[in-house]
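Working notes, structure below.
Think of it as A, B, C and D in the order they're written, each chain with its own count starting at 1.
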Amino acid sequence: MSAYLGLAMSLLVAVAGVAGLYALHRLNAVANNPLISKPFASGWIPEQHALSRYHARYYPVTLIFLAFDVEMLFMYPWAVVVARLGASAVIEMFVFLGVLMAGVLWAWREGAFKWA
Amino acid sequence: MGLNGVLARAAVTRCHVFLAEALDGAAPRMAVERELARRGWVEALSPADADILCVCGEVPGGQADAIHRLWDQLPGPRARVSVEQTDDAGARLDGCVAELLDTAGQRAQEAERWVQPDDDDSDAGGMDHSGMDHSQMDHSQMDDGQMDDGQMDHGQMDHGQMDMPMPGGIPLAGEGTDRDGLNLDVLKVPLGPYLPLWPAGLVLHCELQGDVVFGSAIDFPFGAPETGPAPGPDGRASVIHHLDLALRLLRLAGAAASATRTRMIRDSALDGAALDQCRTELQSELARIRKNGLLRRTLRGIGHIPDGSGLPGIEGTDVWDRLVGMFETAAAGTAAATGTTAAAHTTGPRGAGDPARKLPDLVRGQELSVVRLIVASFDLAPAARTVGVTG
Amino acid sequence: MNGSLVQQLPAWGAVAALAVLVLVALSGAAADGLVTARAERRRGGGFAPVAETARLLRQRPRGTVAADTLLRRVGVVGLPVAAALKVAVLPVGAWVVSDLAVGLVWFNTMDVMVWALVWLSGWGPNSVHSLVGGYRFLALALAYELPLMFALTAPAVAAGSLRMADIVAAQDGLWFVVWMPVAFLVFCAAVLAFSLQRPFTAPLSPDIAGGVLAELSGVERLLLLAGRYLLLAAGSGFGVALFLGGGAGPVLPGWAWFLAKTLVLFWLLLTIRRRVPALRPEQLMAPAWVVGLPLILLQVLVVAVAAVAGKG
Amino acid sequence: MLSAVLFVVLAVVAISAGVIVFRTDSMARATYALAVSFVSVGIMLLQFELEYIGVITILMMVMEMAIMAIFMVMFMGMNPALMPMDMVHNKKASAGIAAGVFALLTAGILLADWPARHGVPAVDLTASLGEAIMGPKMLVMLTVSPVLFATLVSALVLANPRGRYAPSPVVPVEPENDDGGSHQGGGHDGHHQHPGGAHS
């Protein structure tokens, strides 16, 4: 458990440090109440709120990423035991990766990595 | 006032300055930039980052509100200065330092400021009755009418939430069909006039889908640009002007090291260094840029102007060509000034036609950063046409 | 594979680790100020991080209309905290704050946190510029994260463990950088990416008025700027532990070697990022997937084969 | 005792974050509330000394939520942050299903005859997990591989707006082709809302 204690302490210390900075800011800022301003729009009043249904054009990439990323679940435990299990584990994993990589190459040919 | 005084004194060694370039602001802006570099100060990219709002040049009548709005966005401690002459930039900035150091005065100033005073929320009331149907949002309508529309008739009324108060008096983004066949929001974002690294006096009213501009219209709030063949500034002024353009493009492309060196060449030209010296330096810088494969990859192929587009001189060029052209024109300027005969290059950004006219076509369907690069690759600012350094 | 390789520090260890991290980051910021000043041919510059901190601590807090203040605050506070949590599992010579058995995965988890945190800092202010910046970071992340994960796997395969101390110990004879050069390079690139340094500055670039930074001021801006340096410093530390033999070296004690190597790698990364221009995310995506990913997979294959051959 | 308290705290955080997902008006908040919920579950797993599973849960879930936020923001039929919204659909049926599942699971927990622990857990759980994946559970790996490939391909076929041969269109595709000259923005003087003008 002591490993977790160290992590918890680190979190605590970091948060305390940030809180200290906030306190220092409060003491030294020329005013404490936040200025509520319109967002910067080249000198204009923003015509619309920026928070909107933002079209992230790279969304096809996210799908490929998620498929490939699930593989990482297996990758770390595999890394620990591969030396012990020998050649078969290497082959199995790289066949797996090869299949996924083929998918990635296909996606590339389909133009999934271009968006703008 | 122990700690606060110490902090204040440390803070003013590195003030951040937001530069708002207005009419004929290029020369004062360059003077201020040179002064910032000398002091180790920083050019702010947005008002939120700035301590000092520096208006360069003359703000045309009826345009003061925009400056006022920017001023209100500075978080404070803040100071405001207006520079119209090139020679008093340093003194003006020193005045700002004194203002920023006056903690008591700044506190008093901030205590009076809660929210922005000038923006009334009256627009929000109008929104509630302007519910427009989706059918009127078709594309042609958008191109012809929507951009001009200060009253925002196409607001977010599609979902029947008519009686929602608009937060902050600003309407929500409206829907629009996009090129992927999705019905997502279209954001109307004006770029310019007071945007860092942007041609002064140009406004590009963009419609954004995500970060892609798919419709835009241009406007010149400081007055229409001169059209037709404009005689380029010659000699030293041409060198300075073209290096300034190149520097802006380099900064937008993220090539900070090249931009710094280019700025130093420009500043030494401003300071009256021998043009032969400038030519040697800028040619070695151009050689370095030509070798920069990553930069070439960033700029190659974007903003390509097809042949027959009525822009003689820059047809068939892309942003990379035009960047190289800026350096070559600057080099030609040094040659002309020193009497050396060198053919003036025609690939310079200043063509006979007016590239601003073509901008909406060129930036259509481009990602925002590419749009910025394309805009910066032209010599657009009407104010820049009268730039000149005397002597 | 027991915990005796390194000694876990008592509770004050976390304080010390954070203090050292901040000092290293500060040294980098000061060095950067000096180099910038020299490039602009003026004197001084090393004072820049202090002046910047003082400036931001004086600034009035600022929000925007209809902003999501909570999410913005989570984003900016999270970056330095994530950096601090990273170094918690980093063995400095013979000491470590937390000798977690899956320290490597923990590091990976913290750098995935950066995805969320940068996006939240961009979403919070309700401003077009910061919003675009936040989304640009996700685009970069989709490109760099998988190569980074595989680059992390390579040392784990060679050491047969996910514990940072075991990975350092496994480099007793030969530093991993010697036979995993691709993994090391990919790792360094990814460190620059998750600490938002050039060439991966698109989320903060001047073309969107500073992007994620566009509406931040005061302590929140300070936290985000400091967070970038802290993440870069933490990333350099992991680079040393994973590829450069950790605290191994003659004469001097382990912690001294470790810090020296970390500083060198940190400054090296700072220098590299000054020399390269920024990349647009869409320029990175295809090369990262079609060139970077197969290369790093080959590297892992080589390491795995070597590990099997070494044991057998 | 301490660990029990921690467990309860984490459970409360997980559940209340789950409730917030449906109560908040912002897609970003909803998504990241779900992430918080998952992170607390990940920490609970750490409490069971399932180190790898716990940490990787946090990793995957934060990453997945960061990506999910993109989609939540894109595909909710309304403004993702500034409008009141309702994340619950088909209220009666879903309430019924939820209650039924809850009752079933609770009954299962309370009524099942839980086996006692045989032997001791492995020293290195990650290694034994790896051995299980590579050894007796290899079939799982081998089926996951084509499944992931199929997911990748089908997701892309469904989602990618353009195929290999279609050039990237620049503007929305219009039924009528009126793109001739209407994009020349030069003639728009006068009507624009000038920065200093209309709103003063």
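We adopt the following convention: a residue touches a chain if its C-beta (ideal position, glycine included) is under 8 Å from a C-beta of that chain, and two chains touch if they have at least 3 such contacts.
Note that the coordinates shown come from a computational prediction; the quantities given were computed from them, not determined experimentally.
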Sort out for me whether C-D or A-B is joined by the greater number of C-beta contact pairs.
A-B
Let me have the rounded angstrom distance from the C-alpha centre of chain B over to the C-alpha centre of chain C, please.
32
Taking each chain's centre as its mean C-alpha position, how far apart are chain C and chain D in Å?
25
Using Cα averages as centroids, what's the distance between chain A and chain D in whole Å?
13
Multi-partner residues of chain C (each touching 2 or more other chains):
57-62, 65-66, 68, 100-102, 105-106, 123, 126, 128-129, 135, 138, 145, 162, 209, 214-215, 218, 280, 282
Junction residues of chain A, two or more chains touched:
4, 28, 30-31, 33, 35-38, 40-46, 49-56, 62, 64-65, 68-69, 72, 76, 79-82, 84, 89, 93, 104, 114, 116
If a residue has to touch 2 or more other chains to count, which residues of chain D qualify?
52, 56, 63, 67, 70, 74, 79, 81-82, 124, 126, 161, 168, 193, 195, 199
Between the chains shown, work out who touches whom and classify the graph as line, ring, star, complete or other.
complete
For chain D, which residues are in contact with chain C within the complex?
26, 28-29, 32, 35, 51-52, 55-56, 58-59, 62-63, 65-67, 69-70, 81-82, 123-124, 126
For the complex, which residues does chain C have touching chain D?
1, 66, 68, 70-71, 74, 100-102, 105-106, 108-109, 112-113, 115-116, 119-120, 123, 126, 135, 138, 141, 145, 162
Within their complex, state which residues of chain D touch chain A.
46, 52, 56, 60, 63-64, 67, 70-71, 73-76, 79-82, 124, 126-127, 129-131, 133-135, 138, 141-142, 144-146, 148-149, 151-153, 155-156, 159-164, 168, 193, 195, 199
Chain C residues touching chain B in their complex are 37, 39-42, 44-45, 47-48, 50-52, 54-55, 57-62, 65-66, 128-129, 132, 135-136, 198-199, 201-202, 205-210, 213-218, 221, 274-280, 282-283
List of chain A residues in touch with chain D within their complex
4, 42-45, 49, 51-56, 59-60, 62-74, 76-82, 84-85, 88-89, 92-93, 95-96, 99-100, 102-104, 106-107, 109-112, 114
